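See the structures that follow.
In the two assemblies presented below, chain A is common to both, partnered first by chain B and then by chain C.
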Partner chain A sequence: MESFININNVKFKYEGSDTFILDGINTEIKKGEFTVILGRNGCGKSTLAKHLNAILTSSEGNIFIDGLNSSEEKNVYEIRKKVGLILQNPDNQIVAGVVEEDVAFGPENLCIPADEIRKRVDNALKAVRMYEYKDKAPYKLSGGQKQRVAIAGVLAMKPECIVLDEATSMLDPEGREEVMETILRLNREQNTTIVLITHYMDEAIMADKVIIMDKGKIKTEGKPREIFTDVSILKDSGLALTQSTELLYKLKKRGYNLSLKALNEEECAKEIINFLEGKECLY
Partner chain B sequence: MLGNIVLGQYIPGNSLIHKLDPRVKILLSIVYMMALFFAWNYLSIIVVTLSVLALMFLSKIPVKLYIKSTKVIILFMILSAFLNLFYGEGEPIFKIGFISITQQGIQSSILVVLRIIDLIFISSILMFTTSPNDITFAIESLMKPLEKIKVNVQEIAMMMTIALRFIPTFLEETDKIMSAQKSRGAKFNDKSMIKRIKSLIPILMPLFISAFRRACDLALAMDCRCYDSSKRRTRMKTLKIGRIDIFAIIFLIVLFVGVIICSKMKNIAII
Partner chain C sequence: MSVLEIKNLSYIYNKGLPSETIALKNINLSINAGEVVGIIGKTGSGKSTLVQLLNGLIEPTSGNIHINGKELKGKNKSEEVCLDVGLVFQYPEYQLFEETVYKDIAFGPRNKGFTEEKIKEQVYNSIKFVGLDESFLERSPFELSGGEKRKVAIAGIIAMEPSILILDEPTAGLDPMGREELMCNIINYHKARKNTVIFISHIMEDIARVSDRVLVMNEGEIFDFDTPKNIFSRRDELQKIGLNIPQITKIVRMIKEKGYDINDKVVTIEQGEESLIKLIKGRKEK
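Coming up: the complex of A and B.
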């Protein structure tokens, strides 16, 4: 896979402050990849998100987005066209009083002709399954629906990458599922690069790559199955284990010879059944 | 408590009035208000009121909502009716001490009440049938000549859109804050006026703080979506004057002339 975002030794601190919020980040995000960034509050993950579409620019080091250096003022507009950012609060990122007009806001800013905007808005709303709500007022929608409208608003700008900064943290479980399902579908069907920032482990299971951040640094990165096995690193970074890993971990501590590599309930159940039947580890 | 405010609420629909060009609607509302200004006798006000009722019917929006929208200023209505009652000249038909009520006084208070109601209904028709974005779009388009004297019309329109968009959000939030304060023992129905005003502080403070927080977030979200106030944006919806708009303009001209003629005619005595 081609590389899409390159982060080279990025450091960031606010002016007048001594502490680095980002303290030497090095990583790469590939085109079409679904990356999850995990970490406790204040670990710098939201700050990193704002670097990915040039809202903030690094104090040291460089970020290249599709080859464009985000520190250069002339690239900012182009970068924001390529990378859409969805924020935490669904209420505060909807600009207009009607769903379709809000989705049109981005393309209008890009000075796209009216009939092309119309097409893009309809397609974007269909992609997040909100087309039948296009004439509704945003405040009448549920949290999950609002967040899907926000995603449509970004989609209508035809970005190559969507960054979601704790976009599910203010939603109820149902809304969270709606949003997760939507971004997974975009990733699979339209090959959109997704960077999901969260502190829910469950959302990270589906990822191609997991990055764990702590105190402004990348603590570890890799495939979910590799990362979630490493209980000590997770506990160290202040992250809660998924329920299945927790169960296997506790059983293992009691001396049962289980592998921790099962990620979801189903795999976990199979692993335990296998163990009881005296077979080898599955994963 | 806040549930009955319906001012500034768009109700999506497909009626004739909904389909009118928002620019035409705004101009027509202004003409209507001018017509009301000329309607100084019963005949002319009846003509205006009937046409307003017809428009309300055409808008296909429940009458209930229109009536609700008058509730906000019912006090003002009673007050102006009451004051007008005593300011008539001519033969008093009723007299207690220095207070006298004349036929003219009764007439002007009836006219004032009808006028206020018509005014509210007209603005409600405009607000109910035109999306806030359409209104700002129309105002933007009507204000375009001002760009020649370096007014950033687009920016003003954006501010209006955002203000309108956040009204329901803030109403909802006010409700939540009030419930939160009530659950902690705050009283909002104290008899003393001063105490009542003081009791608003714990509502307004959190509301203001949250408004600033929301503003920061929104500015960020707009930045993310490439908003640049100095650049000319395109619009998805383009406005076009259609056939119904021309009909509406003709209707209004006829009505306006009619009202002026009616107002010159001799008053029909009702009382």
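Coming up: the complex of A and C.
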């Protein structure tokens, strides 16, 4: 996979402040990759997200988005076309009184011809399965539906990458599932690069790569199956275990031979059944 | 003894307008003093409307609410009956407004007419209950982190000593450790004061862990009101109304569905572990 985002020794502090909110970040995000960023409140996750589409630019070090240096003023416009950002509260991101007008807002600002905008809006609404709501008022939609409209608004600008900053934290379980299902589909079917910031471990286990941040630094990164077995690093970083991992961890501490690598409830149940039948660890 | 009685309660938004929406339909509910009640339901099921009715922010379209035997209505509404119900809104950190944390926490108790001495005592006790130390009291609430602000906002409510504490999604947006801490603080406070706690959450694991009973709302009606074990044994019906069950309950049910003889009425990690150990030991003996 080719590289899409390159972050080289990035530091960031607000003007007049002495504390670095980002304190030497180095990582690479590949094209089409689904990356999850975890970490406690205040660890710098959202600040990093804002660097990915040049809302903020680094105090030191560089970020390259598809080869474009985000510190150079002339690249900002191009970078914002490539990377769309979705925020926590759907109500803060919807600007128009009708769903389809809201989705058209982005491409209109890009000065795209009207018939092309029509096509893009329809396609974007279909991609998030909200096409039949195109004439509705956004305030009548549920939280999950509003977030999907916000995603459609970003999609209509045809970004190569979508960054979601705790985009599911205000939603009910059903709304969360709708949004997760939508971004996974975009990732798989359209090869959209996804960067998801979340506090939900069950969302993180679906990622290709997990990055754990702590105090402005990257503490560790790797595949979910590697990261989520390291109980001490999770606890150290203010994160919790999923109930699956916690159960396996507790049973293992009692001396039962179980692998902590089972990530979700299905895998956890299978691992335990396997153990009951006297077989080797599955994962 | 019941601390809260709701009879034939309905609430309609924009009554008489084309946008008329029935938010709550004929709710009958009785909550006992000292109970912890978790409320679940998808967005738009009427959870937040219900809790807003409970402290008189909005008035029922029909039906009535009694708090500690007094009806929440008319003159009572602005007085002690309302002040006996402490409501912590969603994202309460946006409601901090005073110069110092001390003044912010003191605002509620002062309105309740406590003496300065009593106010001070309440402020010091409340900040401790939410897990912050006294050094926070002289700081500006606006220089705190999101999680700290939320704790200050909650301290401001419990400082009024409400006999019913209601929290609307108290842990939304907090990191896992912050969530855990805040849930513990609320429960410790409850244990110390033996007050009634009602909280809304979308996190079934938290609901299962701390609730005595769970109120399930669906389309403005009560779907069920029962112990966590009974509620979460109705997995398929809950799924139909957009709700989930705790992960541990799912895991144990999957094992049972494979034909293993295991007690699947579990809703917490500890109960799940116990059930499994029983199963493992039972099989070894055979």
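In the analysis below, the second predicted complex is superposed on the first by the 283 of 283 C-alpha atoms of A that agree within 3 Å, B and C clash if a C-alpha of one lies under 4 Å from a C-alpha of the other, contacts with A are read in each partner's own complex, and residues count from 1 in each chain.
The definition used in the following text is that contacts are C-beta pairs under 8 Å (C-beta built on N, C-alpha and C of every residue); 3 or more make two chains touch, one makes a residue touch a chain.
Since this is a predicted model, take the numbers as computed values, not measurements.
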Given the touch rule stated above, what does A:142 touch, chain B (first), chain C (second), both, or neither?
second
Now for A:175: first (chain B), second (chain C), both, or neither, which partner does it touch?
second
Show me the chain A residues, by the header's touch rule, that chain B contacts in one structure and chain C contacts in the other.
none
Which residues of chain A touch chain B in their complex?
53, 55, 77, 80-81, 84-85, 87, 89, 91-98, 100-101, 104-114, 117-118, 121, 135-139, 150, 153-154, 157
Going by the contact rule set out above, which residues of chain B touch chain A in the complex?
10, 12, 131-133, 161-162, 164-165, 168-169, 172, 213-214, 217-218, 220-228, 231-238
In the complex formed with chain C, which residues of chain A make contact?
39-42, 88, 142-144, 166, 169-176, 199, 201-202, 238-240, 242-244, 246-247, 250-251, 254, 256, 265-266, 268-269, 272-273, 276
Taking the complex as given, what residues does chain C use to touch chain A?
41-44, 145-147, 172-180, 202, 204-205, 242-244, 246-248, 250-251, 254-255, 258, 260, 269, 272-273, 276-277, 279-280, 283
